[in-house]
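Encoded as structure tokens, here's the structure I'll be asking about.
Order of writing sets the labels: A, B, C, D and E. Residues in every chain begin at 1.
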Amino acid sequence: MLEVALSHTFAGFALDAEFTAPGGITVLFGRSGSGKSTIVNALAGLLTPQAGRIRLDDRVLLDTARGIDLPPHRRRLGAIFQDSRLFPHLTVSQNLAYGAFFAPKDAARESRDKVVEMLGIGHLLKRRPSALSGGEKQRVAIGRALLAAPRLILADEPLASLDEERKAEILPYFERLRDEVSVPILYVSHSASEVARLATTIVVVKDGRIVRKGRAEEVLSDPAVLPAGVREAGAILGARVLRHAEDGLTEVDAGGTVLFIERIDRPVGAPLRMRIHASDVILTREAPSGLSSLNMLHGTIEEVRAGEGADAMVALSTGGGRLLARLTRRSVASLDLAPGVAVYAIVKSVSVAPGDIAPGATEEP
Amino acid sequence: MLEVALSHTFAGFALDAEFTAPGGITVLFGRSGSGKSTIVNALAGLLTPQAGRIRLDDRVLLDTARGIDLPPHRRRLGAIFQDSRLFPHLTVSQNLAYGAFFAPKDAARESRDKVVEMLGIGHLLKRRPSALSGGEKQRVAIGRALLAAPRLILADEPLASLDEERKAEILPYFERLRDEVSVPILYVSHSASEVARLATTIVVVKDGRIVRKGRAEEVLSDPAVLPAGVREAGAILGARVLRHAEDGLTEVDAGGTVLFIERIDRPVGAPLRMRIHASDVILTREAPSGLSSLNMLHGTIEEVRAGEGADAMVALSTGGGRLLARLTRRSVASLDLAPGVAVYAIVKSVSVAPGDIAPGATEEP
Amino acid sequence: AEEITVFAAASLTNAMADIEARYEATTGDAVTVSLAGSSALARQIIEGAPADIFISANSEWMDEVERVGLVEEGTRVDLLRNELVLIAHGLRAPAVEIGPDMDLAALLGDGKLAMALTNAVPAGIYGKEALESLGQWSAVEDKVVQSDNVRTALRLVAAGEAPYGIVYASDARAEPDVTVVGTFPEDSHQPIIYPAAGLKGEDRPAVDRFLEFLKGPEAKAAFERQGFQTLAE
Amino acid sequence: MTDWLGPEEWQAVALSLKVSFWATLASLPAGILTAFALARWRFPGRELLNGLVHLPLVLPPVVTGYLLLLTFGRNGALGAPLAELGIVFAFRWTGAALAAAIMGFPLMVRAIRLSIEAIDVKLEQAGATLGASRPFVFLTLTLPLMLPGILAGTILAFAKAMGEFGATITFVSNIPGETRTIPTAIYAFLQVPGGESAAMKLVLVSVAISMLAVLLSEAIGRRIASRIEGV
Amino acid sequence: MTDWLGPEEWQAVALSLKVSFWATLASLPAGILTAFALARWRFPGRELLNGLVHLPLVLPPVVTGYLLLLTFGRNGALGAPLAELGIVFAFRWTGAALAAAIMGFPLMVRAIRLSIEAIDVKLEQAGATLGASRPFVFLTLTLPLMLPGILAGTILAFAKAMGEFGATITFVSNIPGETRTIPTAIYAFLQVPGGESAAMKLVLVSVAISMLAVLLSEAIGRRIASRIEGV
């Protein structure tokens, strides 16, 4: 549990932020120049705010009122910066070793080989940072922070310079950190899809202030806050591979319903987690026919939450788990949707992107 | 017209690329470390490749065989780098003036005020780069390149560090440059949505080689090439604002069909361009009812193109213009879709994101 | 055999090398000679330098050492004497009659007269004194260029930068590119004396031995070979 | 206050200032050029030039002065032809400035070179892509970014010029009002018994001047740094 | 070859090497510390320290030598107590090394300081967030990144030590085998008729040694630069 209260002023910019990060991945979301990096710097101990308190679990990292200000190296927050900040005189391998060297010997840590493989930097180990591409640098920086066995990971737009595929490879690792290793992560991002994908908690920063904070599902269903991100809200369905058809589709079983997704490279019987974006879901009261869409799930509406704008978020329970659908309020009205109503959810198979399929069992039943 | 043929070897990496950029925006798309920045550096004249030719219109910029190698400043390619490379000793305003100072006096150029406003950097003009956030830096770098009145703009992931909203604000400017100013742009990106949005031509780089190049529509309909980008292929519909309903929706007229989109701030009667993502479109042969989706267009199939995987791209003509729909081949088969067949296209209103609504008339009728 | 250290004015470099070798050969003592400007040596002695014998290029610095009480009583002797000469650049410069009647200024024309520092370095001080007593100083004052030591002044004349210079006879002797065109009368300046003395310290026979040797015939010959006149009996 | 030092001493102070100022100023362009060449260019004779630049440090000052005399004296290899053109160093304050400049040159070049080597070439490349030709890139980017080194080099060269003695007196002797700088005046005082206190007064003046120069350069340095590193 | 110079001259060459080596090596830690303090710390007396560091440049070497004599001589303020501890500089080669170290100190400090100021503090911050305490950050990041300046400072100090004359001869005299370095030997030769050619031989030896040192430092510098800037 990270508790943060900071205020600091630059000429022309005032930060006044207070939030808690309960664990998992807390995403600091906000526009360019809103103050995200300033918060990260203050957390890392690189900027002493004019006033503030920072507490991580039972350790006070900063309390300007009480004159406490732990130096960066005693905070043990693994920082991944917007600019990679690799050490130019060290090889990639030495850069990776740097953090690990200072990590307490008994700290739980990832194995170097695993991190190297996951980040795809095995062939770069002997190079120096100047011989790396932008994305390669950032991957090394991520590895360096992970290997320092930090108590909390501070990631300032770590994936901004990575391609979608690489992102898709690394995102699950952050998910794993969130779900398995239980290192809390403060993740700065301006990418709505990363937010939707990763966030346990979302803190929205605007002009140096926190304008919204809360559990991801709540914040994501508020279009006023995340104008560009609303399309990305979604739910996770648990499924199991049924078979690989020869026309390039894979059939999966989501709690009794057969769904079709683009072929994935998982053995038959393997469990899957699929994120289905709320805005990719169309609801209908009668089973439709003659539609190009192949995936249909039967479910019951659990909750209808109208946003502040034209939108509403409908949660329904299906055999595969809880599903979110984003509709217009007008549609909610015209279809007369309300808790308890049985509906069909139509999901286009192709909208289940490979990046949204994570191997492993769902937590949700 | 930019013609490029390059080969260059680093220890452990070989570049061998040949492509032409016919005008408009040519997107170099490829994974981290695939060689995109290396190509950009060679074009800018910052790296002399072991062998190569570069021609821009009738000017030979490089021809290693003939010993021609124009220095960077005589190439006049406005480069926007992955790392902003702002001049630390100059203020933002001086950084902007830098390129403009060297631009030929008679060159067509954007007005400084316009660029400043478009990039939202008016309040930063007196600062030095060290007092800017990551995204702010990058915006200034974009402005600096634009104001140099270049013959071609080289943009190496210019938007990677920007938030979606800011991207949404700047992307149209690149579109305008493409459509109006006729400065050709070579745009490096790993973001499929930027690719889909901007590209006239797409050049796909992989491990230092060009694995695919062609007109954007062609390349985008090939899922094998753009695995993460396929969801982003789309078409542009011309429309006109009909009315703003009080439930937060705006009704528009797309060639006779009424569509509902999230409220936009345009006057009634204003023309619009809306991008509709191919994967957000569901086709049906009979007019459906009882669906949560509000938008339906009637049209006739013009072309069905099966991709290499499980997908197919269906193009249909509607009253509002040509529309693309991405389906599975299985759906194409089961619905028996073929050119000439009349279908209904269902589009979820909310999937028309604000960033995809550009004011101005469509070129397509 | 003992070890002794001699601090000697740098202008004695060649002579001291000669004497050192002969003395060591005859006595078996080991002599270390440190050569520097008299002022530096005197100050070092005053600050406790491990010197047993001091040979100064002028009396003032020996006086200074004596005043501080570092000279062993009864050991100070005036060892050598030098002459002040006027030199000219080149091998065939005509001789100059040095006296109150000479017109040094005319001789110089728009050339320079090279000397050592006229208010600091002995050769310069004596030279200025001589010119003053011969009534020449005010006429040539503006043409004088002063070096940090005599050798530099000599070098200026040798290089032809200055047509004339005032140096010690001992310096002028061996320089091939200059001609001695005249010697300043002995009474035109204070006598140019090189005093030597033993310095306070443990009573050591070798110190006395060396002081005696300096006055002896072998040393005299060595000094004279370098153009010095010997004084001590 | 003017009584505290005699007129001849004040003359030496004024002359030292003049000599040091011009020595520093005049060697700056050559210093920048040499530093740039050593830092950036690969050319035959580069190592030789580099060694040459260090020579005034390596050689005893007297030797440097002597070599200057042989080169720039009236009959010197360069001195004679230059004299035809009316440029005379021998026994002039300009010669003192030349000696001081040469003695300070290695210090100036090294400082500037270090600064050049610390510049991120990518910034200059960015300038080139914006249309700036090499000379312009140099003037607008390289030069401002190497200011810390130029400043450091300047102050080192100035301080060295204030203290230079051996090469100066050997090359241009000691002519009151022309080449009699503070160090030669101090040297003269120290040659005679009892001259220490007069020498110390000049030492104090020299130290005061140099301290002021150092303070000034620090203040300028802070401004430059804050410009480059941010407000 | 050994005939070319007499044994006394070879002795002077060996001594100069020893003195320069130790002068440079021993002043390095102090040089690094001083440069670091001046570059990074704000403390009362900072400007004073900065001025003090420049003093050996500003003062004529004779004055520096004299001050050293007064301070570190047998009867000197520091010399006497140090002698009690068995540390003697007066008229020892260690004193020659001390004089050389002090004369080269301003050059060394400036070069190192410039390098420190060119380091991107953000890298050190990154090191701290990875758990490295200040001393570790210094050792693993700051120090390696300031190597170009350390190298430049070292070579300057070494060259200066090879050429130092005025302060040395004034402080520790010119005692063969103990304090008679190449420059003082050259001086002695130049004091007597016909000594020029012998002096020139020593000048050549000195130049050769320094050229080698400069070449070596360039080679090391290139390695360092290629490490930092990339293969």
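Operating definition for what follows: a contact is a pair of C-beta atoms (placed from the backbone, for glycine too) under 8 Å apart; a residue touches a chain by one contact, two chains touch by 3 or more.
Here the structure is a predicted model, which means the values were calculated and not measured.
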Between chain B and chain D, the fewest steps along chains that touch one another: 1
For chain C and chain D, chains touching each: E
Same-residue or different-residue interface between chain D and chain E, half as cut-off: same
Pair of chains ranked first by number of touching C-beta pairs: A-B
Longest centre-to-centre distance from chain A, chain (CA-based): C
Cα-centroid distance, chain A relative to chain D, in whole angstrom: 60
Distance between chain centroids, defined by C-alpha means - chain A, chain E (Å): 57
Interchain centroid distance [CA atoms averaged], chain D/chain E, Å: 20
Distance from chain C to chain A - Cα centre to Cα centre, in angstrom: 90
Overlap residues in chain A, where contacts from two or more other chains coincide: 11, 83, 127, 131
Residue list for chain D, restricted to those that touch at least two other chains: 62, 66, 165-166, 187, 190, 231
Touching two or more other chains - residue numbers and ranges from chain C: none
Touch relationships between chains, expressed as pairs: A-B, A-E, B-D, C-D, C-E, D-E
Contact set on chain E toward chain A in their complex: 122-123, 125-134, 136-137, 140-141, 144-145, 227-231
Touching residues (chain side chain C, partner chain E) in the complex: 5, 7, 10-11, 13-14, 32-36, 40-41, 43-44, 47-50, 149, 151, 171, 173-175, 226
Of all residues in chain D, those that touch chain E in their complex: 47, 50-51, 54-63, 66, 106-107, 110-111, 113-115, 117-118, 148-149, 152, 155-156, 159-160, 162-166, 182-183, 186-187, 190, 199, 203, 206-207, 210-211, 214-215, 218, 225
Partner chain D, residues of chain C touching it in the complex: 37, 39, 42, 60-61, 63-64, 112, 114, 117, 119-121, 144-148, 152, 155-156, 159-161
Chain A residues touching chain B - in the complex, by the definition given at the top: 10-12, 30-33, 36-38, 82-83, 123, 127, 131-136, 139, 157, 160-166, 168, 190-192, 223, 227-231, 245, 247-249, 260, 262-263, 279-280, 282-286, 288-294, 309-311, 325-333, 335, 337, 346, 348-351, 353-355
